[in-house]
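Some structures are shown below for you to check.
Shared chain: chain A. Partners: chain B in the first complex, chain C in the second.
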Partner chain A sequence: MNMARRHKLRIVLVVLAAIHSLIFLAGFFAPYHFAAQNREFAYAPPARLHFVDAQGRFHLRPFVYNLKRSPGARGGFEPDETQIHPLQFFVTGARYSIAGLFPCSVHMFGVNEPGRIFLLGTDGFGRDQLSRFLYGGQLSLSAGLLAAALSVGLGVFAGALAGFYGGWIDEALMRAGELFLALPWLYLLFAVRAALPLRVAEWQVFLLLIAVIGLIGWARPARLIRGAVLSAKERNFVAAARGFGASSFYLLRRHVLPQASSIALTQLALLIPQYILAEVTLTFLGLGVGEPLPSWGSLFAPLQQYSVLASYWWMLLPAALLVPIFLAYHAAADAMQERLNSVAL
Partner chain B sequence: MGSFFSQQQVQATLIAIVLAAAATSAGPALGGFPPEDLLVTDNLPGHSGGVLSVALRSEPKTLNPVLAVDISSREVIRCLTADLIHINRASLKTEPALAKSWRVSPDGLVYTLKLRRGLRFSDGQPFDADDVVFSFQVYLDQKVHAPQRDLLVVGGRPVGVQKIDAETVRFELAKPYAAAERLFDSVAMLPRHLLDSAYREGHFSDLWPMATPPSQFAGLGPFRLKEYVPGVRMVLEPNPYYWKEDRAHNRLPYAGQVVFLFVASEDAQVIRFQSGDTDILSRFSADNYDVLEKQQAAKGYQLFDLGPGLEYNFLFFNLNDLATKNLAEIARKQPWFQEVRFRQAVSAAIDRESMVRLVYGGRATPLWSPVSPGDKLWIDDRIPRLPQSADRARQLLKLAGFNWNSSGALIDAQGNAVEFSILTSSSNAQRTKLATLIQDDLSKLGMNVHVVPLDFRAMVDRLLKSYDYEAAIMGLVNGDTDPNPAMNVWLSSGGTHLWHPNQQKPATTWEGEIDRLMEEQLVTLNYAKRKRLYDRVQEIIAEQLPIICLVSPNILVGAKNRVADFHPAILDPYALWNVEQLYIQ
Partner chain C sequence: MRYVSRRLAHALLLLLAVSFCSFALLQLAPGDFFDDWRLNPQVSAQTTEHLRAQYGLDRPLPVRYGRWLVGLLRGELGVSLAYNGPVAPLLWARARNTLLLTGTATLLAWLTAIPIGIWSAARKRGWMDRLCSAATSTLLTVPDLLLFFALLLLAVRTGWFPVGGMISPWTGADTGFWLRVKDVAAHLALPASGLALVTLPALVRHIRSAMVEVLASPFIRAARAHGIPERRILLRYALPVAANPLISLFGFSIATMLSASALVEVVLSWPGVGPLLVESILSRDVYVVVGAVMFASAFLIAGNLLADLLLFASDPRIRVE
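Up next, the complex of A and B:
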């Protein structure tokens, strides 16, 4: 039983690690730069990988056809079957850098010019949706991770203080937490954005997003940690340690907080997808980083238009891709919760 | 008689209409009123009755024609009121309306208008010269702040209005004014008997709010007020005293009701039109046109692409004098913006064909001057339509002293990297898309451009008041095919001379030249001479590029097949200009 749980957590963590490295190495996995426009291929549907060409010949290496405008019909594309473009691996393409440090121009896959490969289709400027999704994840995932870390960090700090010392410290911190839970944040955010100067650098917007999302959410983990600390500090071994003359700091660090650590981790796993969604919402509403930098939120912004929803179904694909990512996080939270329960038993 | 058609022509049509009217107005004189002098239209008789429903983007703000500035209010008011001389939206020429004929003195300074006899407001009260004099008194009253007032001030003096007799009114201009009869279009005549006392007591601006009861409202338009449900709809019914009839002497309008539904977004309007809730749709994007087009036959409606309208979208830089403003960062960049070769390079780098294709789905026309091909009488065909060329742009920049650093970024002579932001209205998805394309085009020249979408009102505030911006994308719609309503845009002293409004004296020699040309065309009565002057204005703008024109979107309109006699036009209002003739089959 215990082994199976441990196993489940391990699988989930491996999946999450894979997703994050995919996003971290977006430059490598994305066939194109996120801002590269292909104006002749606006709103191109997802490319199909073929093995059999128009003449019925089988190819071992999968290939794509380029698109051309359908004659007569407005706006439609059809495959140009006169030339096949075989899928190539480790091709040289647009330059990018890994973690902003190591310049590189090798991509995992691509096709030779004049071929184009858009596995998730393109947006209204002919930009590859897959590349934008991968690059967009860098911003959205790191915003989610950092904001969740900030929230949980603050929550642990405030919760531990409140639970351990009690009294007026407890009162003040918990009332402040309630205040934070009650504020109408979205409207406050609109006001904050309006008060900022006309052009805010991208990194400033990014930090602002993290600060805002992270600061809003500390109250809930703080309450949970406070509860855990309250019960932990009444345990006999804590009383014993106190009797031996241990300092408050030592008690917190050595005996109390370890009891709360799995709560903090579970909270982290729950908050990350929530905060990714928060970043998506804010960008969707125009409060995020500007064009042409993508984030998952800006990938969804065109979906506000009826014509896009009605005509270009592949614009919904990035939303579908978010589902397994969020499920992985929730599975991680689940597995940790189960472990926590089994330890408590 | 000015403008582009001869006096003889107008007189000939007038005589024809007067004769036709005389032949038909021998009906019985009701209740002691003189027989009505009706206008006989040349359309075939239609069917009476039926409901015509149309969606408005926002709820109208007022029913007062003198105060209305928003599109929705004006759309409704046009159905409720009438003007003396009207611009026919199909022919784009003036035609008699409440005035059945007019005479111009040889010096072009005095217009004498003859009113139709025996007309009545929608509440049954008679209409005569006193109402005309009263209406113009209100429009010209500075305290009322009518948006129409600007156009009615000619040569620095308001138009003089004088009653000769109950059916004759004399208008005096301080200076000759080209196409002056076009000024009368959309200046709605007001009922003196309802508004006079409130006007004298000084609260004209409180008159005719949306909640006005139908009995308190009267106009000379084809319809009159029936019901207003706040937040939902406004219902109009036919005006029984309307002054037009068809060839078979049926009094217009035909529709038994016009219902304006308030539908807040373009997408929602498109969906309601698609589902059959509304009969007519205008002001929608090319993307939605493509969506609607697929179901045209199945859903029983027809779409019309009327080609380029009178809207022009453009990019412009902040050329204001910022000496008194605390905007050092923008002032530092102004030497770039003031360099004409910089502006020419930007224009050369912009891919207008892509804009037409990607932003408007092909339903637009690239522009190199503010006059769109929709305005056939005034466009200067000799303006070169230069294709996009990054090489030409680079040459121009080099000539202007710019250079490129090792990483490919454009730098000025002092070594500063060229970086600026473009404002766009966040509510206009098309213009934001234009900005993103420009951003990409200019990045190929090594310019670092940021797109800043802002709330429209906040943006206009920056453009016209604080001057706190570097560049912006805007669109203007000419109110008429004639150049006169655009005076305010081209004169250096104009309030909508966007790149540098309200100048005391022209800041540059070419702006001085434009001022002189525009003033001259205003008092020139001969069309060919005016055209030469206005052509020169267009050439100066194309050369100096105070505004870099981008595209003119096509006018797109849709109507259900059951709406007959539907003839959309490129001049606002696109769809409902002949609402009195529309009928349900």
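Up next, the complex of A and C:
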């Protein structure tokens, strides 16, 4: 059982690392640039990979058909079966840079011109949804990660102060935390977002989002850390170290906070998906990073008009892709929690 | 009685703190409602200044907060700049819809969660329990937004539910009362069930674990040994004991409900407080924002207060202290 548990956490962490590197290397895995428009292919359905062509010949290399307007029906597409476009790997395409440093133009897959490959379909401007999903993940995932780190960092700081020193510091911090917990988080998020300027540069919006989301969530981790610190500081070895003349700072850093570190990590794993969702929600409502920069939230913004959702169901596919990512985070949090409980027992 | 009045005073104090924080926060924000007007060459600078003075936007923060508080005592919540009218009736119309939606969803969620939770606790590790736990953990990981979109897609594709708004266009003041109720109920079905689905998994989990804990205690074994029927043990012996954490859970679940409700209102265009709040943030309509935040916190604090009072009524141990 214990072995299985340890393996579970490891497997989940590997999956998470894979997802993150996929998103981090979005330029390589995405066939197109996130802002590349193909106005003639607006709202194109997801491309299907074929192996057998119109003449019934089998191809070992999968291929796609380009789309053409179907006659008669307004706005519909049908595959143009006169020419096949075989799937190519490691093709040279649009230029991008890895981590903003290394310029590169090799993509994992693509098709030769004039072929187009839209595996998840396109949006209203004919932009490839898959590319936008991958690039959007860079913004959403990093916002979630940084905001969660900020929140847990603040929580550890406040919780350690409150738990270790007690007295009026404890009282003041915990009352303030109550105020934050007293509000529904989405309303709180709205209220804080309302206090910030609406129209500023994109990177500033990004930092603002992280600050807003991270700042309002500190209360819950702070409470948990405070509890852990309270129980840790009563331990005998802490009293012994104090007897040897250790300073408060040394005691906190060396003996008390390590006891709370697994709680902090578990909180991190729990908060990251929540905060990703918070960023997605804010951007979805038009309070986040604007076009043409993609975030997962701006991918869903067109769905607010339900005619888009009704006619083009594949616009929902990126939202469905979020499920496995969230599942991985929840599994990681679960595994950490289990581990925490088994250590505590 | 002293307990009740102390809780009430605490709640009011908290509400006051929330109002001050949200007010101060919004006033510190750069820019105001008339920013766009200033850019308009057809509107003279004097006009904007005059309007700002008329709405009191040129006064310092403490003066404005004081005025707002005095207004609050008279049941006013300031003036909406975008709607050019008092905030209170505007907010009240929206708040009623949000209350209807969240109330229905809460009822729906608890009425389904309690039987499911009890059943899976009673048949612990049975196939039903396993199925439930798999379903709840899946539901927990599905983002709210995706769930709402999926419901919307379902409604659009099948045509089983009317989509958007609260009443059909042909429903007016002259329609019969029951017809109107039926119409609103049809529109309510989709957002309410979406909202219930969002809160359901956490509720089922908590109810199950509370029941499992109680069912393992010695007095239940004694009751079983006396040959008391299982059904009676579950509902009359175990449930009242397990109720305590569930009542405080009720208070907490309102916060989740409200947040999810703001989102569902936007996605399924239910005319509640959520869309109004987003709209007023985008147009810098400060008093509406403050009013909406106040509404949310008042609702939440009231819910927690209710949970505390219920706890007080149901558990004699708290009354003694």
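In the analysis below, the second predicted complex is superposed on the first by the 327 of 345 C-alpha atoms of A that agree within 3 Å, B and C clash if a C-alpha of one lies under 4 Å from a C-alpha of the other, contacts with A are read in each partner's own complex, and residues count from 1 in each chain.
We take it that contacts are C-beta pairs under 8 Å (C-beta built on N, C-alpha and C of every residue); 3 or more make two chains touch, one makes a residue touch a chain.
Since the model is a prediction, treat every value here as computed from it, not as a measurement.
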For chain A, which side has the bigger count of touched residues, chain B or chain C? C
Considering only the touch criterion stated at the top, classify A:A191 as touching first (chain B), second (chain C), both, or neither. second
Looking at the overlay, does A:S342 come into contact with chain B only (first), chain C only (second), both, or neither? neither
First (chain B), second (chain C), both or neither: which does A:Y306 touch? both
In the superposed arrangement, does A:S247 touch chain B (first), chain C (second), both or neither? neither
Quick one: classify A:E291 as touching chain B (first), chain C (second), both or neither. first
Considering only touches as defined above, state whether A:A35 meets chain B (first), chain C (second), both or neither. first
Can you list the residues of chain A that meet both chain B and chain C? 194, 198, 286, 306, 310
Considering the complex alone, what residue numbers of chain A touch chain B? 35, 37, 39, 42, 74-75, 124-126, 194, 198-199, 286, 290-292, 305-308, 310-311
For chain A, which residues are in contact with chain C within the complex? 178-179, 182-188, 190-198, 273, 277, 280-281, 284-287, 300, 303-304, 306, 309-310, 313, 316, 319-320, 322-323, 326-327, 330
As the complex stands, chain C meets chain A at residues 14, 17-18, 21-22, 25-26, 28-31, 137, 140-146, 149-150, 152-153, 156-157, 163-164, 254-256, 258-260, 262-263, 266-267, 274, 277-278, 280-282, 284, 286, 289, 292-293, 296-297, 300-301, 304
What residues of chain B sit close enough to touch chain A in their complex? 267, 270-271, 285, 287-288, 290-291, 293, 351, 354, 357-358, 361-362, 421, 423, 426, 429, 433, 436-437, 439-440, 450-454, 458, 462, 468-469
